[in-house]
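There are structures below to look over.
Next come two complexes built around chain A: one with chain B, the other with chain C.
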Partner chain A sequence: MSSASSSQMGQLVADKHVRYILMAEKKKESLESVVMDHLRMNGAYWGLTTLDLLDKLGTVSEDEVVSWIMTCQHESGGFAGNTGHDPHILYTLSAVQILALFDKINILDVGKVSSYVAGLQNEDGSFSGDMWGEIDTRFSYIAICCLSILKCLDKINVEKAVEYIVSCKNLDGGFGCTPGAESHAGQIFCCVGALAITGSLHHVDKDLLGWWLCERQTKTGGLNGRPEKLPDVCYSWWVLSSLIMIDRVHWIDKAKLAKFILDCQDLDNGGISDRPEDAVDIFHTYFGVAGLSLLEYPGVKAIDPAYALPVDVINRIAFTK
Partner chain B sequence: MHGRPRKASKPEDEAASAAKAVKLRSLQSQFMTYHHEKIYTKEAIELSTKLLEINPEAYTAWNYRKLAVEDSLSRIGPDPNLVKPILDEELRVVENALKQNFKSYGAWHHRKWVLSKGHSSTGNELKLLDKFQKLDSRNFHAWNYRRFVVELTNRSEQDELQYTDDMINNNFSNYSAWHNRSVLLSSLLANRADGFMPEKRIPDEFEIVHQAIFTDPDDQSGWFYHLWLLDQTVNVESPLLTSSWPSHGSSVILSGAGCLNGPPSNVTTFCSETGSFPLILYFDQAVGGVSPLTVTIDSELKGNENLVWEPISNKSSQVSCVWVARLKYFSSQPCGSKDHKVKVRLGNSPGIVSSRGYNFSAPYEFVFTVHVQDTAEDSHSQESIVSWTDGFELWDAQSKDLNSLFTLDQLNNGIDLKWRQAAIDSEIECFRLLADSKIGKLTLARLLMASEAMTLDAAVKGVYYEEILQLYNDLMALDSSHHQYYKNEHSVAFLHKVTSSSESLSRHLFRYRDMNNLVCLRLNKLSLSRIASVEKLLFVQMLDLSHNELHSTEGLEAMQLLSCLNLSHNRIRSFSALDSLRHVKQLKVLDVSHNHIGKHSVDTTRYLCSSPLSNSDWSQDGVRGQNPGLVTKYWDAYFVLRDLNLKQLDIAGNEIADDEFSSFVLQVVPKLVWLNGQKPGN
Partner chain C sequence: MERVIVAHICCLRKVDPWHHWRWVAEKLGPEVAGRELDCTWRVLSLDAKHYLAWSHRQWALRALGGWEDELDYCHELLEADVFNNSAWNQRYYVITQSPLLGGLEAMRESEVSYTIKAILANPANESSWRYLKGLYKDDKESWISDPSVSSVCLNVLSRTDCFHGFALSTLLDLLCDGLRPTNKHRDSVRALANEEPYTNLANLVCTILGRVDPIRANYWAWRKSKITVAAM
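Presenting the complex of A and B:
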C-alpha cells in the first residue's frame, strides 16, 4: 500500500492509520485517554482489530497486551473496561475478541468466563449488562458472540435468547434495544448478528429490513443509522454488516460508500472521523477500515460480518474441533 | 467522539487539556480508592458526584452510587421522609449528567434503578421527558424511558397514541413518533379495541400519513409507516394455502427409478428410487403444526399411516411456508397399472398456526389422481449426460395437459376483500399525483402489485404489469444508488407476469425427450436478478436459469420435483449461496459453470448456510477421511455438496475450479458420474 499525497482522495493511507493507532495506544495520559479510561478494553479491541485487518498486528507487544487484559479480570470471571473498574459484559466480549486475535483463548479459564456471561441471562431470555440489571439487545449479541467464540453456547438457553431478540423486532423490519424500542442500525447489527450466529436468520424479513437498511445511504454516499439523521462512518459497519448477513448488500452503491469512508480520513495525521473534516478517533478508524474490508477494498483483510473479527480468525475457531 | 471539527491543537489548548487530564486522573484515583475500600461517607459520595458531572460515562461511578444508596438505606430504615431525599439527590445527579450528555446509558439506567425503588412522582418524569423531546425529538433513550414510565404508571395506549398525534402534528418529520404510533396502533388493532376496527382505521391512517409524504416526498419519516399500512391492508392475519403439488384436478404418473427410459408420456411422470413422491403444501406465510392430525389424506396408497411432515427450512426452525410429506406408492406386491384418487383436507382441525399466532381456519380440500406404473429394473441406469441444448420440444399450449399439471387459479379463500381493494384503489389514485418523485413511483409500483395479487377476475388480471415494469425502469434511472433493489423488484414483477396466465407460461415450457418428457421451464437470458413465483412452479422438473444475474438460489427450496438445474453464466459467488438446494432431494444435475465462485473475499450468504459457523450443522460424519485443511478452505462447498445426491456437476469457468478443488469435489461426492462433461478418471 503506497501512502497517498493529500491530492489523492481515493486512497487508503493505511500506514498513517497504523501509526495513529500505535501512538494513541501510548498516549495513556492525554485528556482523551483519561476520559475514555473506563472503556480502554473496547479501544484496544478497535485498535488491534484494525491493525490485524491491515496485517500489522505484529507491531504490538502481544505479551504486554495480554497481561494487561488479565489484570482487568474480576473474581466473578467478567472483565472490566480497565484495571480497577467493575466487570461488565461489554468489556468481557472485547477481552475475548482480543485474545482470539492473538490465538490465546487457551490462557483463559473458559469455564469461569462463560459462567459469568451465562449468569447474566434473565428468565425472559434477555441479558443484563452486569449485576445492576440494565437490559439491552446489545448484551444479547455480546453474550452469544462471546460464548460462541468460547464454544460454550450450550451454557445459555439459546431458544429463549432468540425469542427475546425476536420480541424486539419492529414493524419496519428492524430491531430496537428492548421490545417496542425504535429501530436503530447499531441494535439491528446486534440482533441480526446474534440471529446469524445461532442459525436463526429465518426470523428476519430480509426484504423488509433490507429496504430499510439500504435507504440509510444518503446523497453523500455515506450511511446514517436511522431515517433523517446524518451519515456517519460507524454506520458503514453496522448497516453494511447487517446487509451482508442477510444478503442484501447489493441494494446499496458500494463504490459511493467507499469514497465516503476514504473522504473521512485525516490524510496527514492518520485516523478516520465520523464525517469528512471532523476530528478522528480510534472508534471511527476501526469502523472505517472494517467497512472497507466488507467492501473488498484491496489491501484490507476480510472481516467476518457477525463476529467483527478477521475471517481467518473465525474460520480457525469454527472449523477445528 | 461525534461531530467535533478536525483542527490542529494550539499549544495553549494542549496545556489546558493536559491540566484537565491531570485533575481528572487524580479524581479517578481517589474515587477508585473509595470504591475498592467501600467508603460511603458524604465526602466520598460528593467526589463521585463531581466525577460524574465531568464524565457521565464513567460506569463504575454509577455502580458505586448504587452501592452507596443501598448502604444509606440499610442504615436509615424504611421511613419515607428519610428515604426520599436520598433518592431525590440521585435523580438530581442524573439530571445533571444528562445535561452533559443526554445519551448516556449509565445515567438513564441509574434513573430507572432509582425509580424502581419508588418515591418519585411520575408526573415529574413526564415533565422531564417533555424537556428532552424539545431538545431532541429523536432521542431514543428518552423515548425508551417514556415507555418505561408509561408501563410503570399504566397510562392507556389511547392516551399515548394521542401523544404521538401531538408530536406528529407539531412536526411530521419525527420517525420516532411514527414508530411509537405503529407499536400502539398494532396492539390496539390486534385487540380489536373500541374504535379500532381495521376496515375503518387503516384508511384513516392512510390519510394521516399522506400529509407527511406529500409535504416533503424526500423525507423518509412516513415511508415505512405507509408500507406497514399497506401490509395490513394486503395481508390477512390468518394463514392461507397458496398452492400445492400435485394441485387440484391434476394427474401424475408415478414410477420407479428406471422410468426415465420408459415409454414417453404427455403427463408428468415422477420417478423415484425410494418409491415415494412429495406432497407439497405452500402457505402464504410461515406456519407450524402441519401433521397427520391437521392434514388428512384419503387414498388407497398403502404404507402411509405414519406420515411425517417436514418444514422446508433450516434445522432450528419448526415453521415454514413450505411443508412436504413423502407418500409411498410402491407396495410389496406388483399391482400392475392402476389409477388412484388422493384427497387432501386441511383446516378441519385446529393446529396449523402462523408464527404470529393466527390459526389456519378455512377448511380446504383438493383432489388429484396418481397412476402407479410398474417398471422393470433397468440394469444400465440412466447415467447418460443431460444436455441443456438438444432434445427439447416446445410444450403444446393448446394441450389440456397443461391444466392437468397445475392450476394457476387463485385458491378461493373466501376472505373479505372489499375494504382492502377499495383502500388500494384509493391509494393508487393518490400516488399517481406523486408520480414524479422516487417515493411516488415506488409506492405506486407496490400498490399496483398488491392490486394484481388481490385480483381474482381473470379478465382484468395482468393489466398493471407493463406499468409496474416501467416504474421500476424509471426508478433505476432516477435513484441509481439503489439500482439493484429496483432490478430485483423488476425481476419479481416480471416473473409474476410470466406466471399470471397459462398462455404466457407455456411459452417458456418444454419437454426433454431424452428423459421421458420431463417438464422443463426455460427462463434463460431474461436479466433475472431474483427468483419469484415459485409457488406457481412446483411442477417443474428441469429449470434453465442460465445467462441471468442471479447470485443466490433463495426460493428454490420449494421446488421438490427439480432434478436438473442450470445456473451457468450467472453471478453466484459461493457455494453457500446454493444452500437452499440442500432441500431439493431430487436434484441430480447441476450446472454452475461460468459464475463468480472464488472471485470474492466477502461471502454474503455465509450465515444463510447451515454450518458450524452458524452453530447449525455439527454432523461430523464424513469429515474423517477428508483433509481438514481443505474442509476449512472449502467449507461451504463441503457442506452443500455433501447433502446433495448429484450425478452431474459443472463448475468450469469459476476461479475456484482448479485441480485441487476438483479432486476435493470428487472426494465429497463419490457418486458423481459427470464432472464438467467428463467422466472422472478420464
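Presenting the complex of A and C:
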C-alpha cells in the first residue's frame, strides 16, 4: 500500500449517517420497511445505538420509542420483533439494550423478562431462541448478555451454559453455532462475548483464535467471516470485538480496516454498506460505526465489545442498584 | 407436502424455516434422512457455503443417518471449489463423527494424501492447510515426524508461481513444535530471503512472513518474539 493512498483516508460523514437513520425510521411505508417489519426491534437497536455512538440519541423521541417497545412485550415476558408478532430471544435482548440506552430498564418487570430468558435454557446448557426450540450459540450469548444487563445471571445454570459453548469450540480455536459447525466470526463473537461476560475466557486459546481472527483481514483491509469469503463491514464488529476481548487486536492492520469502513459510506445520502459501492442499510451502518468506535475513531463514543452498548451505558448499569 | 406447509407457516411467522423442518423430520423418523439431505443439497447447490444449510445437514446426519455418501459429497463440492471452507469443515465432521469410518487416526493417511494433492494444486488455500494440521489433532509427534507434511512445505517454497505464506507458517509451526530442520529446510527458506540476516531458521521464517504477509506484520513479529531455543 503506497503512502499516498493511506493519506487519502476519507472522513466519517457522521451527520449524514444520523440523517439517514432518522429518515429510515420515518419511511414506514417503504418496501424495505415492510419486508423488515418483523425485525423492527433489531433495526431499532442498530439505529438507536448508532445515534448514541454519534452522540445524537437526543434527536429521537424517547417516549415514542419506549412505549412502542412495551407494545412488543408478550405475556410470557419476552419481546417480539414488532407489535403483534411472536416473542423471541433475539428481540428480547434488543428491547433490553434499547431501554438501557435510554436508562429506562427500571420500567421493566425484570423478574418476568428474566424468567422468559432463563426458561429457554436446555438441559445441556444450550439456549433455544423461542418455544420452538432452535438451538444456536447466538442464543447463549443473547441470554447471558441480557441477563447480565438485568443482573439476573443467577437465574440460569452458568456452568452448563459455559460447558455448552466450549463444546462448540473447533480445532482452529473458533466456534460454530452447534458442536462441529464451521467456525464463523459471528458465532465466535457470540461465544467469546458470553465467555467474557461470565468470566470464562480461560477456555479460549487466545493465540490460536487470535490468529484465525487476524487471518480474516483481506488485502482490501476489510474483514471476512470465514476463509475465502468476501470482506463485509459487519465483520468489522464481530472480528474486531472478539480480538479486543481476547487482547489481540494489534494483530490486524487497524488503519487499513478503518479505510475500508470509510470507503463503504454513501458520502451523499449517508449510511454504510457491506462493501464499497454497494447499497447501504441500517445493519451495516451500525456495524461500520461500531467498528470505528472499536478502532477509537475520533468523534465516535466508546462501545463495550462484549455488551455491544456504549461504555457509558454499561458503566451506568454497573453503578446502579 | 409437509415442507411446503412449514415453509408457508414460516413465511407468515417471518421466521427461519430450518428449525421447523427439523421439528417435523424428527417426528417422521430416520426414513426421511434422504429427504433432509436432499433438501440441504438443493440449497447448497445454489450457495455451497450456506451456513444454516450446513448446520441442518449436520443435524440430519446425526439424528437420522445417511453418512454413506457424505465424504463423496464433500469431494464433489471441493472439486467444484477447493476454497470452500464449509466443505472442508464438513469433511472433518464426517471423518471424526461418521459411525461408518474408523475415526481420525484410521483416516489420517488417506486424508493427508487427499489434502496434499489439494494444497499442491492451490497453495494459497487457507482451508486445506488448516485441514492438514487438523488431521494431527493432539498428536504433535506424528505431525512433526510425518515426512509428507514437511515435504509439501518444501515443495511449495521451491515454486516461484505462488503465495508462500501458508507453507511458511506451517513450517514455522512445525519448527516450534519440535521439528529438527535439515539443510534442505534451511536452503529452501534462505532462497526466499532478501538479504535478511540468518540468526536462526524460525526467526528467518518470521521475518520473511512479515514481508510476504505485511497486513499481519504485528502477528509475525509476535511469533518471532515467542521462538524458544528449541525452534532454532
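By our rule, the second predicted complex is superposed on the first by the 309 of 321 C-alpha atoms of A that agree within 3 Å, B and C clash if a C-alpha of one lies under 4 Å from a C-alpha of the other, contacts with A are read in each partner's own complex, and residues count from 1 in each chain.
In the analysis below, a contact is a pair of C-beta atoms (placed from the backbone, for glycine too) under 8 Å apart; a residue touches a chain by one contact, two chains touch by 3 or more.
Please read these numbers as outputs of a predicted model, since none were measured by experiment.
Q: Both complexes share chain A, so when I overlay them there, do chain B and chain C fit or clash?
A: Overlaying the two complexes on chain A (C-alpha atoms) leaves chain C and chain B clashing.
Q: Is A:I252 touching the first partner chain B, the second partner chain C, both, or neither of them?
A: both
Q: Kindly classify A:D63 by the partners it touches after superposition: chain B alone (first), chain C alone (second), both, or neither?
A: Once the two structures are laid over each other on A, A:D63 reaches no partner at all.
Q: Comparing chain B against chain C, which has contacts with more of the residues in chain A?
A: Chain A has more residues touched by B than by the other partner.
Q: A:G180 contacts which: chain B (first), chain C (second), both, neither?
A: both
Q: In the overlay, answer first, second, both or neither for which of chain B and chain C A:D278 touches.
A: In the superposition, A:D278 touches chain B alone.
Q: Quick check on the superposed pair: does A:W211 touch chain B, chain C, both, or neither? Answer first, second, both or neither.
A: both
Q: Can you tell which stretch of chain B bumps into chain C once we superpose, 127-135, 325-333 or 595-603?
A: After superposing on chain A, the clashing stretch of chain B is 127-135.
Q: Does any part of chain A touch chain B in one structure and chain C in the other, and if so which residues?
A: Touching chain B and chain C on chain A: residues 37-39, 81, 85-86, 88, 132-134, 170-172, 176-178, 180-184, 210-211, 214-215, 217, 221, 226-229, 250-253, 256.
Q: Give the list of chain C residues in touch with chain A in this complex.
A: 13-16, 18-20, 22-23, 49, 51, 54-55, 58-59, 83-86, 89-90, 92-93, 97, 125-127, 130, 133-134, 137, 215-219, 222
Q: Which chain A residues qualify as touching chain B in the complex?
A: These residues of chain A touch chain B: 29-31, 33-35, 37-39, 80-81, 84-86, 88, 130, 132-134, 136, 148, 153, 170-172, 176-178, 180-184, 196-202, 208, 210-212, 214-215, 217, 221, 226-229, 232, 244-247, 249-253, 256, 266, 273-275, 277-281, 283-284, 293-294, 296, 302, 304-306, 311, 314-316, 318-321.
Q: For a test of understanding, state which residues of chain A touch chain C in their complex under the given definition.
A: Result: residues 37-39, 81, 85-86, 88, 129, 132-134, 170-172, 176-178, 180-184, 210-211, 214-215, 217, 219, 221, 226-229, 250-253, 256 of chain A touch chain C.
Q: Help me check something: in the complex, which residues belonging to chain B touch chain A?
A: 1-7, 17-18, 20-22, 24-25, 28, 32, 36, 55, 57-60, 62-63, 66, 105, 109, 113, 138, 140, 143-144, 147, 173, 175-176, 179-180, 182-183, 186, 219-221, 223-224, 227-228, 286, 313-317, 319, 480-485, 488, 551-552, 554, 577, 600-602, 604-608, 610-616, 620, 628, 631-632, 635
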